[in-house]
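Take a look at the structures listed below.
Across the two complexes that follow, chain A remains constant while its partner is chain B and subsequently chain C.
Our next item is the complex of A and B:
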């Protein structure tokens, strides 16, 4: 009951804004190339759902985001474990990492375009590049922060490098590696939509641009609203998974 | 296996320098199979370093540490180590059985044999009914029992214990001391036991080695002529116990002065 009341309280302000926007739009008989009334936005959105276009676009965007996350995230995970467990490798790669990491991922759009052309591959490549770095950096610090006591146990039990990684290091670092993927998932969606808005004729970003260029502000705003909902749902799902799988361990364990 | 004339463990003019500071100098020490050796000394005297050298976790700067005549350069399967800080020595994501299993997995014990061996060592340390619990659900004393169980699963010849009961309350400590004594008596293992508790050293050991710091060196080596099995009341009331405790107390006090 208390939670429901809190949700209702939180909804008062946005609902009031929407109501005011609707009343204002009706009062001035809004005819605009940039704005649309909330009712028109809802109607446009419903239309996009009805003909399936928004669902196809969502599948394309999420496919690109998750494809890039899977590719860049797993590469980042492997490199992060490597750099985190070997001081030699870390020192060797420090310069390369620090010089490549600051490149804004969207700056790679032209390169990726030339290499792959329009389509899934160019977008996935850019998302992978963007997702690679946070996973690499956070995994590296999670792995190098694994308690020395646990590493001593691995040594006295004479675990080999593979067994040590699989049985000690990865489980010990897992809560923080999960945080890395949570961060990277948000980045992946942002970059995917950015690539679609700017270049790639696919997905939610492209459809939103198409609506804008064909002077359909209601549809454009419907896509914007939907992208917000998708982003929120993604974040909610990952947070719920984190609570479910790691509970308090993420908060309780001190970040070394 | 090992000829009687040859000690099981030999420190041969061992010196250790860590970060430019000499931690141990010219350590000569022989330990026979079946010995229960306790090491005491003020903090910073290199007790733990000595134990880590023996465990193969460190290599000496000079001299060598030998086990059955062979130089120790890395951890050995027949030398088990029990750490002081149980919170950092057990895997929090594995159950009690899972933690014991780790030692068996490391040794390459086949999967179908493991449950039997896990059950056996858990019974030895009295944790049979906690097999499916996680370490965080256990008391400090039980977590140290679990560490003992993991060591025993290795079936070691030598047990290295680094202040294992330092963080436990007095009652739990006494119970565990007696358990360790009976486990060791049953297995015949050689024990190298580091502690800062002088009474604990006399109560458990048949030999107590005293280290002095700056740099760490062996300054006292006494035999404990107290009968076994030891008993928390009778042994501690023995005049010999009092004499040894007094001797070690004076030794440590002189070191601090």
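Our next item is the complex of A and C:
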């Protein structure tokens, strides 16, 4: 009951905003190449769903985002475990990590474009670069933060490096590694949309630019709204999964 | 101390090995030199770019855009965030909307910016300001909402005015959150500055590297990427220094 009331209170502001926009649009009989009334946006969105174009675009964007996340995330995971469990490796790689990490992922758009041309590979490569770093950094700190007692157990059991990593370190660090992937998933979607908006002719970002360039503000705003919904749904799903699998153990915010 | 310097030198050496590998790969022409220039040609392009004045110009344009957009966003974010964070009803009514907007990719508003402002400097600036607003705003809301309630009781006992409460209690105690948000905002600003320049073809590093890629000037492209990396590194380090200075009182406390 209380939850329902909270949801209602939260809905007041956006609904009021939409109502005002609609009334204003009707009052001035909006005929514009730059703005559209909420009703028109809704109609354009429904049209894009009906002909399936928005669904194809969503599949392309999410495919790129998750492809890049899988690639960059697993590379980041492996490197993070290596650097987290070996102080020597961590210190020796410090300069290389610190000099590559600050490169903004969008700076690689032209590099990837030159190397791969347009398409999925180019976008996945950029997303993978962007997703690699947060996973690397957070996995490294999660692994190096594994309780020393557990490592003693591994030593007593005479586990090899591989068995120690798989049986002791990864399970112990798993909740925080999940947080790393949660963060990286958000970044992956953002970077995918950014690449599409700026260069790559695929997915939600490109369709949104197309709608803008062909003077369909209603469709453009429908895409904007839909991108917001997709981002929110992704975030919500991962948060729910985290609560379900790890309970309150990782409710504390990661030290980035 | 000496041990630390030793490790540092070791890590430089590893970095040098990576660069040497890059050079060997480039020399071996496994990948066409059109796509992959070696570090030597990249360095050459950097030197040429600085000698001819193109890189300083582009760098200055991008830095300017990024910093102005970031400052606008930070100011707006702190003010709006403080208003929302201080009032429980405002949080209840606006919180869900903010939570909806938080995961929205900032670059998704670029088309909207183009529609409203055209392909202009103002478009790039407003997109940066809008995109960089959220991390600071949300962090400020969180910081203001999470102020220790005891401190408010103290302020009431002391009969402090509302403004004094904000200035002397709420703002300092939420400063760590705000600065963390501003750091994220700065990263977003750099990204959006580059994207905005690419799309609107405004002079800067973003458009510079895009043009270099389109005209197959790979060394110029790689030099631009290196510069952007340096820029990202320096701004992050600068902000860390400011943060350490502003939060000195907090370290003493522990």
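As a convention for this text, the second predicted complex is superposed on the first by the 250 of 256 C-alpha atoms of A that agree within 3 Å, B and C clash if a C-alpha of one lies under 4 Å from a C-alpha of the other, contacts with A are read in each partner's own complex, and residues count from 1 in each chain.
One rule holds for everything that comes next: a contact is a pair of C-beta atoms (placed from the backbone, for glycine too) under 8 Å apart; a residue touches a chain by one contact, two chains touch by 3 or more.
The structure presented is a predicted model; accordingly, all values stated were derived computationally and were not measured.
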Item to complete: Go through the superposed model and pick first if A:159 touches only chain B, second if only chain C, both, or neither.
Response: first
Discussion item. Output check: A:24 vs chain B and chain C. Expected answer is one of first, second, both, neither. What do you get?
Written reply: neither
Item to complete: Identify the partner contact of A:6: answer first if only chain B is touched, second if only chain C is, both if each is, neither if none is.
Response: second
Item to complete: Report the partner of chain A that touches more of its residues: chain B or chain C.
Response: C
Worksheet item: Who does A:99 touch here: chain B (first), chain C (second), both, or neither?
Response: second
Practice prompt. Based on the superposed arrangement, let me know which partner A:149 touches: chain B (first), chain C (second), both, or neither?
Written response: first
Practice prompt. Tell me which partner A:186 touches in the superposition: chain B (first), chain C (second), both or neither.
Written response: second
Practice prompt. Quick one: classify A:167 as touching chain B (first), chain C (second), both or neither.
Written response: first
Worksheet, complete the sentence: The residues of chain A that touch chain B in their complex are 147-150, 152-153, 155-159, 163, 167-168, 171-172, 174
Fill in: Residue ranges of chain B touching chain A (in the complex, touch as defined)
55-57, 74-77, 79-81, 83, 85, 87-89, 91, 93, 102-103, 105-106, 154
Worksheet item: Where on chain A does chain C make contact in their complex?
Response: 6-7, 9-14, 34-35, 91-96, 98-100, 102-111, 113-115, 186, 189-190, 193-194, 197-199, 204-205, 208-209, 211-212, 217, 220-221, 224, 227-228, 231-232, 234-235, 256
Item to complete: Name, in rising order, each residue of chain C that touches chain A in their complex.
Response: 7-8, 10-15, 18, 35-36, 92-97, 99-112, 114-116, 180, 187, 190-191, 194-195, 198-199, 205-206, 209-210, 212-214, 216, 218, 221-222, 224-225, 228-230, 232-233, 236
